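Down below are the structures I want you to see.
Look at the two complexes coming up: subunit A is in both, with subunit B in one and subunit C in the other.
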Partner chain A sequence: MSTLNLDLSNYRDLLKQYIRTQDETALYQAEQFSKLSMQQNISPEEIINVHIQALQDLYPDLPEGIESSMNFLLEAMISYGLAYQEFQSLREKQLALKSEISVAANMQQTLLTTVKPEVEGLDIGAISVPANQMNGDYHHFVQNNQNTLGIAIADVIGKGIPAALAMSMIKYSMDSFPENRMDPCTILESLNRVVERNVDPSMFITMFYGLYKPETSKFYYSSAGHEPGFYYNAREDKFEEIEARGIVLGVTRDTEYQQYEKTIHPEDMIILLTDGVTECRQGDRFIESEEVLDVIKTYMHLPAQQLVDQVYKHFERLQDFHLRDDFTLIILRKQV
Partner chain B sequence: MEFQSCVNINKEWDIVGARQIGRDFARKIGFGTVDQARIATAISELARNIYLYAGTGKICFETIEEIDHKGICIIAIDNGPGIAEISKVMEDGYSTSGGLGAGLPGVKRLMDDFDIVSEQEKGTEIRAVKWVR
Partner chain C sequence: MNLDINVVDKESVAVVALAGEIDAFTAPKLKEALLPLTKQAGNIVEVNLENVSYMDSTGLGVFVSALKSTKENNSELKLVQLQDRVLRLFEITGLTDIINIDSTVRGGS
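Let's turn to the complex of A and B:
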């Protein structure tokens, strides 16, 4: 089929062909014509105008009523044409915004980047995927010279850009704490003061901080209202919730956080997560936390990183590849 | 300044009068059907703005003639509250028309040149020009 021209004679010929034959080919070409018109920003009223002129060419003795009715139609289309142009310009704006956000998201990635450390006797897996472009979850590994491993996992209630901004602040506060004061409760207490001073009261941040000391196999932890993680006891082949009480960050200035400890045995696992994992939804139904554990169990034979990747893939698929909340899952397994 | 033709806007019905005079004006200058319709729509928007936000005002028309082309200038004048943030009003999707694609950005699209001078508590003057193609 020849390429269409957006001119009157072409339209007139098409119209003539259609009136004569009622042929689907002509209709198909009319469809092409309208697409081409949109590409070239031709508004609907211009098409109607072309139609009127073609009609006048084909039927010089058009009844007057028909002609006026066509003018009436043209007038009625003007606002549609305007709305279409506005839509075009908003679409361009949206593209610009999108690319601006993706620059910000890249920057956030660089800012919040954390290296999964190598700790002797510990197999570590971590995954964090934002629901939108910017991540409101945060996890960070801190390895200091005494060979201890600090793990922070946090979640801003809410997602998107405000959450991401708050997270950058948390990260930089943590970086500025002295290395000799890395007790989980101390860290949460310091962060609580930072958040209380700097973040809008309507924004809540939950956080779990754990510290693992390889030489004693002890895990110390505190929680600021964070989604409870799980502990896998290998000897009994049982999961239990990691219980830790504590109020979310930033509510009152001088909050004190309780610190807990646990001895980790070979093959045991510590599972830390955000509510994006436990509040996955299948249709309208929230999943049960047992389901998360079942999935973990299914892939438990794999190395920790593959394990968390598979769990993510499972829930990504369960939710039709559309995350509703930022998803962060960290698993530590003590090796034999 | 003396305008060639003016319509006072006091009630909604006056919008129709302004459209009518503007359309006749445009036809005489030599605009085609589509452009006449666009000019009438622009006049509607300007007149409705006066009616809704300023209460009263007027819409005036002028023929402009330059060596090689002719055009129409629509001038909308009111002594209303003025527009505080013109750039906001000119933003797509901002207009109170509820995203119906009109408002002042719509007028700007319908015409070739567009200019607003507005002072708060004093009023607004909008000039919009369209050239015969």
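Let's turn to the complex of A and C:
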């Protein structure tokens, strides 16, 4: 079998073969011909043109009406040809955009990477998975000289690229705060001023900031409108909501945030999350927070990192592996 | 899921009745309907959320920018008949402190 050529004689031969034999192979060749034509950017009207010429070669006495009708068809196909050209150019543009976004996503990954610290007496698990290419959730561990551990968990309202850019802003502001001003309420108050001045009115950020001091086993925290986390009291085997009031960052100027504290006992856990966890949906049904806690309970015997990984896998499965929202879960467990 | 927006703009009071879900897809449409109403000085914009079964944080963003616009334009924003799930979102984010929310009558079935 000769290789397929995009020329008139080839098309004519194929057509002839098909008209005579009604042979499937000729039909198959016609299909290949059309695919090849697309690859070579040959428009539909050009193929019809080839068809007309082939017909004229095969049937020199073609009734005039048929010939005119073919010219008519050719005109009718012109718009399809144009639409196809447009489609091609959009597809190229889309590919270019896609690669730009993935460059941006990689950049964000690099910028916002946080290292899960080793803190003596503390078992830490953290997972953060974006729903789309770019993550609007953010978490960050800050370990300083006095061996204290700061944890920020935040969610930018608004998704995609603008949210990701806002996150970078938060990260750099936090890096610039002096170490001796790392109280949760102070941090939120400073960040609030940054966000309020810089962000467009429909965008704001929820954040929970916690500070753990190992020598006293005290956990200090403040919340700027963030989804409440949970505290697991091991002695009573009970979960409770970590209550902390405070308005989201970026809405009012000069907001003051209240600071709370809690003493953590061995085997107790602090569970921090974003609303991507509590707003999980199964079909049309929302997951209640008790169900989140039930899942945590199921895997509670595992080390913290395995625990958060398993909880994530559970909800990923539940939503048919399609996250609607960015998902971040951090668990700290005080070791004996 | 969709969002139906029904605006009755009478003299000095605009009642905006919403039905459906407010999320990243429907929020722009809500913003488009709501913001112009807040730009008329002296206007009271009352948003009825009785039939809003779901709202995500993008929806909060729309109400925050509407609120900011009322401050700039001397108008008023009021939210009424929120369903529990939606009200919870305003409570968690502390926005109940700055947005006028009448939650004495709850929406939903």
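Just so it is clear, the second predicted complex is superposed on the first by the 333 of 336 C-alpha atoms of A that agree within 3 Å, B and C clash if a C-alpha of one lies under 4 Å from a C-alpha of the other, contacts with A are read in each partner's own complex, and residues count from 1 in each chain.
Here, a contact is a pair of C-beta atoms (placed from the backbone, for glycine too) under 8 Å apart; a residue touches a chain by one contact, two chains touch by 3 or more.
Just so we're clear, the structure is a prediction, and the values are computed from it rather than from any experiment.
Novice: Answer with clash or fit: subunit B and subunit C placed together on subunit A by superposition.
Specialist: fit
Novice: Please work out whether A:Met203 is in contact with subunit B alone, subunit C alone, both, or neither, and reply first, second, both or neither.
Specialist: second
Novice: One more residue to check, A:Glu227. First (subunit B), second (subunit C), both or neither?
Specialist: In the superposition, A:Glu227 touches subunit C alone.
Novice: By residue count, which of the two partners contacts subunit A more extensively, subunit B or subunit C?
Specialist: Comparing subunit B with subunit C, the partner touching more subunit A residues is C.
Novice: Just to be sure I read the superposition right, which of the two partners does A:Gly246 touch: subunit B = first, subunit C = second, or both, or neither?
Specialist: second
Novice: A:Leu74 contacts which: subunit B (first), subunit C (second), both, neither?
Specialist: first
Novice: Of the partners subunit B and subunit C, which touch A:Tyr28 in the superposed model: first, second, both, neither?
Specialist: In the superposition, A:Tyr28 touches no partner, neither subunit B nor subunit C.
Novice: Pick one for A:Tyr59: touches subunit B only (first), subunit C only (second), both, or neither.
Specialist: Neither partner.
Novice: Using only CA atoms and the superposition described at the top, report the least gap between subunit B and subunit C in Å.
Specialist: Taking the overlay as described at the top, subunit B lies 21 Å from subunit C at its nearest C-alpha.
Novice: Could you give the residue numbers on subunit A that contact subunit B in one complex and subunit C in the other?
Specialist: No residue sits in both footprints.
Novice: Sort out for me which residues of subunit C touch subunit A in the complex.
Specialist: Against subunit A, subunit C makes touches at 24, 31, 56-58, 60-62, 64-65, 68-69, 85, 92-95, 97-98.
Novice: Report the residues of subunit A in contact with subunit B in the complex, numbered from low to high.
Specialist: 45-46, 49, 52, 71, 74-75, 78-80, 82-87, 89-90, 93
Novice: Can you tell me which positions in subunit B touch subunit A when the two form their complex?
Specialist: Touch list, subunit B to subunit A: 32-34, 37-38, 40-41, 92-93, 99-102, 105-106, 109-110.
Novice: What part of subunit A is in contact with subunit C in the complex they form?
Specialist: It is residues 155, 157-159, 200-204, 206, 224-228, 245-248, 251-252, 275, 279, 286, 325 of subunit A that touch subunit C.
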